[in-house]
Each structure stands twice: as C-alpha cells, then as structure tokens.
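The structures come next, written out as structure tokens.
Heads up, the next two complexes both have chain A, just with different partners, chain B and then chain C.
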Partner chain A sequence: MTHLSVVWRAFQLQALLSRRSPAHLLILLIAPMQTTSLLAMTLHAHRPDAVATAVIAPGLIGLWVSSLDYAGRVVPEDQWAGRFTPMVAAPVPLTLVVAGRVTAVVLVGAMAFGESWLVAALGFGRVLTVRAPGVFTAAVLATCLASVGTAMLMSGVISLSRARDVLQNSLSYPFYILGGIVFPLTVLPGWVRPLSHLVFLSWSARLLRDSVHGTAHDWPLALATILALGTAALAGGMWLTHRLVNLARRKGTVGHA
Partner chain B sequence: MIHVLRIVRQATMLGFAEMGRVYTWRTWTFGWLVRLLCQVSFYALLGSYLGDPGLTRYVLVGNIVVLACLESTIVVISLAGERAQGTLPLLAVAPAGHLPVYLGRGVQWMTTGLVSSLVAWTVLPPLLGVPLPWPRAAYAIPVIALILLSSYGYGCALAGVALRLRGVEWLVLNFAYGIVMTFGGVNVPLSFWPAPLRAALEFLPLVHGLQAVRGILDGAPTGHVLAQVGLEALVGTAWYTIAWLSMDRLVATGRRTGTLDHAG
Partner chain C sequence: MEAAVAASSLRRMYERRRKDAVVALDDLTLTIAQNEIHGLLGPNGAGKTTLVKILSTVLLPTSGTARVLGHDVVAETKAVRSLVGLVLGGDRGLYDRLTARRNLLFWGALYKLDSRTVRRRADALLERVGLAERADDPVERFSRGMRQRLHLARGLLHEPRVLFLDEPTSGLDPVAAVAFRRLVLELRDEGRTFLLATHDMDEATALCDRVSLIDRGRLLLTDDTSNVGRILGDRECVDFVHEDDALARDLATLPSVLDVERLDDRWRAHTADREGSRRVLAWLVERDVLTGRHAQPTLEEVYLRTVGDRGMRV
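So, the complex of A and B:
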C-alpha cells in the first residue's frame, strides 16, 4: 500500500466514525451562532469595515476547534475503543493513519468558513466579496494544511498528557486572542505580540482579511510563514506519535486505554 | 425535607468527586479559569476595537455574567452521563426517587460558576481599563447567583433531550449556551433583534437578570431592577418545572417499556 493510499483509507475511516458521532459536527452548530454574535457586534457598532473579520473568524475558530478537540482525541479514542492495538500492529506507519484521520476532521472544521459566509449573506444581507480571490484561496488552503500539522501536534501532546481534558478545554480562547482573529494585533499589549507571531492563526487571520480587502501586498511572506509553522507542528506531531507508539510497545501498554 | 437535602448533598459530593478526576485546583485555576477569563477578554477586546469604552463595558459586563450561565448549563453533561454509565435504572428504583439526585448532579458547576464569574467581576474590569462602579457593583452579585440558579434549571430541562438521544450532550450544551450568548443581550442590546425574536428571548435564563445587573451598574430605579429580578426568578422556576416534568416522564416511560437503561 502506498503512503498516499494509507492516508486516504485513514481519511475514509474517520469519515465513517464521524458520521456515527454527532458530537464531531459540533463546530458546524457553533459557527453560525458565533458568526451571528460577531456580526451583530460589528453592525451594532456601525463598523462595516469589520464585517470581513466577523465572517472569517468563525472559520478560523472552526479549524482550531477541530484541530484541538476532535483531532486531539483521535489516538485516545482509538485506545478506548480497542482500535489502537491493530493499528500499531498493522504494517503501515501509525503517523500516516493519524495524518489521514486528522485531515478528515480538519476538513469538517473548514466547512465553518462556508457556513459563516451563508449566515452573513442570508441572515444579515451582507454578501462578503473577496477582492483578491487567488490569494484568499491560497490562504484558506495553507491554513487548512497548517491546521492538519497543528492537529497532529495536538494529538501527540494530548495523548501523552495526563491532563488531556484540561488541555482540550483550555487551549481555545487564549489562542484566539494570541491569533488576533477578531482584531488586529495592535490591540494587544506590546509584550504579547512576539508570541502571536508564533501562532499560525495570526498570519492566517491577517492574510485572509487583507485578501478580502485587496490589501495583501506581502502575501508571499505570510503564506510561507503559515506553511512553515504548519510544517514545524506536523514534524513535532509525527515525532510525538512515533514516540507514543514506541513507549507503548516498550512498556507493553499498547492495549491500555 | 431533611432526607431530600441529604440526598442532594451526597449528589453534590459525587459531582465534586467526579470533577476532581478531571481537574486539580491548579489545573482548574490555571487551565479552565484562565480560559474563561480569556473568553471574556476576547469579546471585550473586540468591543474596544469596534467602539468606545461604553461598548467595551457593555460587552465586558455581558460576558462576565454569561459565565454563570455557561458553567451552570454544564449540568447537561453530568445528567447525560447517568444514562451513558447505566446508573439511571438504579436511581429510578431507589426509595427516595430520582429527582433529588438528578437536581443535585450538577451543583458543582454552579459553585465553580459563581467563583469564576466573581473572579472575572473583580479582576477583569480594572485590567481592561473599564472599572465598575464599586460598591454599587457588589449589589449585582446576588443577581449573578440568581442567574446561576435559573440557568441550572434551564440546563436540567435541556438535559432531557440529551438523555433521550445518544451522543448529543455536547451539541445540546453548546446550543443551549450558544443561544443565550448570541441573543440574550450579552454583546448587543435585545433591541437589535427583530420583534418576534425578542418576544421569544423573554423566556431564556440570564436575559432579565443581565438587564437587572446593567440597571444596578447604571443606577436605574430600584423598581425596574426588582422587576427584572422577579422575571428572572419566574423564568428559572418555569425551567425547573419543565425539567421536573421531563425527567419524571422519561423515567415513567422507561419503567413501562423497560428501556431505562437504553439510550436513544
């Protein structure tokens, strides 16, 4: 089996599992409500220039939630369901299986972009037009790839952590603030901003907003940074997953939940 | 009555024991509480970016008070867990009945909700540059406690849905809380929404309590504040009644059809 077909089969497996688990579609329930909240604030404050932010932010939140919450649970859920042992024993690298599965989860999160656009258009009569559609599409794709990388990292960290519920419950809003997904980073105190630059959301949010307004002049740098941060997270995630499997093999705990 | 209170107390102890399996006081403080404070700050910073300090304070107050509703409605997860773990039939056959245990199953969330909203109430406004008018702000604390209670009834009532369908508890929780957060006057005044929607919003928890809190901060007449407090209590009572009827019916039907230990 080629590596690509392993990833594809893992993708299909996750799609089947998610179909049977309504909670995996949670983000699709949250996104319209978040769009409504953010758009209401924007329009109530008479700031039509911030409408793009209100429509883009729920999409970014969707990607982050899917990376953190569902992708982070992939390995622990396999352990609980008893799928982990055959996966480790299978003659394919587990990292590819996890990568395929988190991709499926992240794509569900990406659907939040479409939902928020529809809510703005149908619910508020605000049709968001994109001035630089090429850059916007590239930014969405790069953001999805970075989310897959981050999801791999989260999956590894959460699987190895003893406080996995705490991590999953806590790492949302701090990163939305660091990522400046609903306001420019200049709103944050100066000492926070260097940290923001390490979070791919901050580059994605700015690039997506700028591409909507047609002001994304430094898009190659932003795009390269998003991909570089995503790749670094992916490498970290693959290393952690590899370590997780080796640790379980050595300790004889592969079958433990 | 003492018997019932003893059961509620033991159910509460069980709730805290369950919570202790997820959180230590350190992980709760530096994980969950920080996350909640960041959630409030996220919306308040957006408010400051979009408008003036008046808007920032409006959004900040709304988002602090809504924490009480958020934590109280987590009771949906605790209640749904009874069915998932197969303990519902045991509660139904217990001589004391299932209702006291049920209504006590999420009291730990009300306690943490009170702590987190009070921490946010005292720490965040000065930190974000929009201090509250003390000592007047202290009069709002009992109203926040009332919102915790009414939201808890709302959560118990909606848990009826989560108990009847398998695997939807997180959807129910987020929907329940999300509707209040979006339309309940947290980030924008109720007058922003169309009239038919506004009429429906009167029946949500937090809506009247939050108006009372804002009234207290703005120095509104006592009559207006007390009227809003009364309405909040009325809405909360209605949700408790729905919760009681829903759970009673669930158990009665489950007994009759022998499906008490089935989900969905």
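So, the complex of A and C:
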C-alpha cells in the first residue's frame, strides 16, 4: 500500500465524519449569508466593479475557516477521544493521516466558491462573467492546494499550542485583512502590504479578481507564488506534526488531550 | 528461540514543573517468551500502562532497553509497530459516528493493508468477536462491552505476533469476559504472545502462564501463575467457615498451627507443613466443623500481601 493510498483512506474517513458532523458543514450555511451581505453592500454603494470581490470573498473565507478552524481540530479531537495513542502505535506516519483529513476539510470549505456564485446568480441576477476562465480555474485549484498546505501548518501549530481556542478565535480576522479578501490591499496602510505578500490569500484574492476582469497579466508569477507559499506551509505542517508525535513520545503526553 | 519481549533495566521518568520527577518505571527487567500469556499486575500508578506504552513504541524510555521479537523499540520503531497490537480498555479510542466496519477499514489503512485484505479481515474479526450483526451500526450505539470487543478486533486486524492488552475485560459482562478469555486462548494457540495488564486476579489466574507484580515502577516478582502461592513462604493453609471466634482461638493453640486469621467470609489456619494441615482438618472434623478444606494462597492474596494494603492511595 502506497503513502498516497493512506492519504486517500484518511480523506475518505474525514469525508464520512464531516458528512455526519453538522458543525463541519456550518461554513456552507454561512457562505450564502456572507455573499448576500457583501453583494447587498456593493450594489447599494453602486459599485459594480466590486461585485467580483463580493462573490469571491466568501469562497476564500470558507477556505480559511476550514483550514484554521476545522483542520486545526483534527489532531486535538483524536487526542481528546483517545484515538491518538493507537494512531501513534501504528506504522503509518501521522502526517499522512493528517494530510488526507485536512484535504477533505479544505474541499468542504472550497464548496463555498460554488455557493457564492449561485447566490449571486440566482439571488441577485448577477452572473459573474470570468474573462480569463483558464487562469481563474488554475487560480482556484492553486488556492485549494495552498489551503491544504496551510491547513496542515495550522493543524500542527494548533495541536502544539497550549491556547488552541484563543489561537483559532484570534487568527481569522487578521488573515482576512492581510489576505485582502474583502477589500484590495491598496486601501490598507503601506506598512501592512509587505506582510501580506507572505499570505497566499493575498495572491489568490488578487489573481481571482484579476482573472474575472481579464487583467491578470502577471498570472504565472501569482500562481507560482501561491503554490510556493502552500508548499512551504505544507512542509512546515509536516515537520510540526512529526515534532508533535516525537514530543508526545518523549514527554509521555501521547494519551493527553 | 528469541524472546517475544525483553526489557532490560528499563527506566521511565516524568518531569514535572517545580516538582521532583516521578519515576514510573525503575530498573525493570522482564523477559516474556514467545507464545506466552503474561499477566502484569499492580495497583493504579504502578507502571503497568507505562510499560505497555514503551513496548508499543508510543512512549520513549528514559534509559534501558526493550526489544520486541528482537527489534529495539526505540531504534526500530517501524518494525516493532508492525509486529505488535495495542488494545486499550475503555469507552474511548474509536470514531463513534462511524460504523464498526468503517472503523476497522480505516485502522487497517494505518497498517498498510489493502482494501480487499482489510475488508476480508474486518468481516472475519467482527464475526469472531461477536459483532457481525452490528457491523454496520454506528459505534456510538455500542455498549462498553461491545466497544471493548471492537478494540480487540482493531488490535488483531494486522495479525500481530505480540499483543499488549491493557484492562481488556473492564466493562465486559461475565459471559462476554469468559468468551473473551476463550478467544485469547485460541489466539495463543495460533502462536501469539500476550502481555495482559489487569487488576482482575481471576482473569490472570485463568489466562496467564506467568505473572509479574509491579509496584511504584519496580518489578516485585515474576513467576508461573501456578507457583505464585509459594511466594508467601510455601505456607500450607486450611480454610474453614465457623461462627464461633472461640474455636479459632483454640485452634491457634495447636502446636502444628502457625496462626489463624479471619478472611472476609472464612477463617484461615496457616500450618508449617502438609502433616500440620492434616491434623487441623482432623481437629475440625472432631468438633463437627465439616467446612474445612486444604488451601493454597490465591493470586489475589499474594498480590495484596506483596503490594500491601494502601487503600485508595496511589
């Protein structure tokens, strides 16, 4: 059995768990409401140029929430439920299991993109026309992949943290701002912008909006950056998960929640 | 033949903030032969689970070595993990919202079993542990005993040669516990080795070839289960039931009687030898006490005398 098969089985497990856990699907209830609010504000302000932002933002928020909140709970929930000990005792590295599971979690979040588009089309009669569909599709895929890497990183960071809830609750908004999800980074203070370049969401948000407007001239650089940041996050997440297991074995906290 | 488990001078300490470290295992040396059922007895906090965790690679020893079928638990973690099965007692440890079968399919993947193999083994194991009819029910609807059986099925999924069972029958009803013991004996006949950490003396007596008593991380004794009574000094005993304390006092004055003690539901006269026991039995019959019988200390008595009566303290 290959490592990829293990990831696939972990993915299937998480898909089943998410289907049976209404809390995991909450993001799909929230996304249409976010789209409605953002679109209503945009139309009320007579800003048709900002419709793309209003439709794309809930998708990116869905990805971020699933990476931060739900993916971050994967390992702590196994620890709390006493599944972590037999998992560590198995020959397959925990990183593969976490990778498969966070991928499933992120894909649930990605469904918010589709919902948001539907709400705009059916609810507001605003069909988002994409001028560069190829770039847009590539940007969505790259964003999802980067989200998997980031979810892996967040899972490691949150699992190792002693203040999990505080971390999960406090990391949402800063990244919406740094990611330029709800408004372009150009309206933010200048000193914030260099920091935002390290957040894949900022590249994704800009590339997605630009591909809708047909102005994504630097798309190869943006795509490469999204993938590079996602890969770096994935590597960091795998290292942290490995470290989590080793630390627990050394400190004797494998069975602790 | 290579030992199934060989631990040598094993020590495990737990560091604590601003307090002295706790020694959970202290210089423990233990060998378990292949195909043996070995009981690990001791009070709460004795170090039983710590030993099981070290041997199953989820905990690193502070010093000393441990090998499972010749593989070092620290240096050859991967090899050890494929050879051992860990069965922890309790309600937790499963995906409650998934069915028993789904749980096994996932855990099979962690042992690199392909889909076809894991499906075949899961069906066979669910049948074997009596859960075949509930295979497609969510685990959250299972009783504690059913969960326990599913834990065992999970531990057996990759066909390990050595199984570590930590309180495996806690929560099982008597019928299920007997069935569980029968299953363990069957599995031993298939060539597997068991290390059974338990508080249940009847279970240890019924199942184990040898037992080890540990307390405060130290190994107090290891012996054949059938010989363990000798540890109390080869003492002979006669047990009898009688209401009258005066009779017990009279019996204690006989030259062949070392002492007479009150147990929960009976008296016990300790004698120096078999002849002494014979005289005590005859003395009791003369006084119309027909409940007397020759006895040897049980495993429970050995345990209580060796570990001591510490009440609820750990």
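Here is the rule we use: the second predicted complex is superposed on the first by the 257 of 257 C-alpha atoms of A that agree within 3 Å, B and C clash if a C-alpha of one lies under 4 Å from a C-alpha of the other, contacts with A are read in each partner's own complex, and residues count from 1 in each chain.
By our rule, a contact is a pair of C-beta atoms (placed from the backbone, for glycine too) under 8 Å apart; a residue touches a chain by one contact, two chains touch by 3 or more.
The structure presented is a predicted model; accordingly, all values stated were derived computationally and were not measured.
Of the two partner chains placed by the overlay, only chain C lies in contact with A:A90; chain B stays clear of it.
In the superposition on chain A, A:S21 makes contact with both chain B and chain C. Judged by the touch definition given at the top, the superposed model places A:D218 against neither chain B nor chain C. Of the two partner chains placed by the overlay, only chain C lies in contact with A:A81; chain B stays clear of it. Across the two superposed structures, the residue set of chain A contacted by chain B and also by chain C is 21. Interface residues of chain C facing chain A in the complex, by the touch rule stated above, are 12, 14-15, 24, 50, 53, 56-60, 78, 81-82, 84, 86, 88, 90, 92-98, 102, 105-107, 109-114, 154.
Of all residues in chain A, only 1, 5-6, 9-10, 12-13, 16-17, 20-21, 81-83, 85-92, 97, 249-252, 254-255 touch chain C in the complex they form. Chain A contributes residues 21-23, 25-26, 29-30, 33-34, 36-38, 40-42, 44-45, 47, 50, 163, 165-167, 169-174, 176-177, 182-184, 187-188 to its touches with chain B in the complex. Across the complex, chain B meets chain A through its residues 22-23, 27-28, 31-32, 34-35, 38-39, 41-43, 45-51, 55, 59, 167-171, 174-175, 178-179, 181-183, 186-189, 192.
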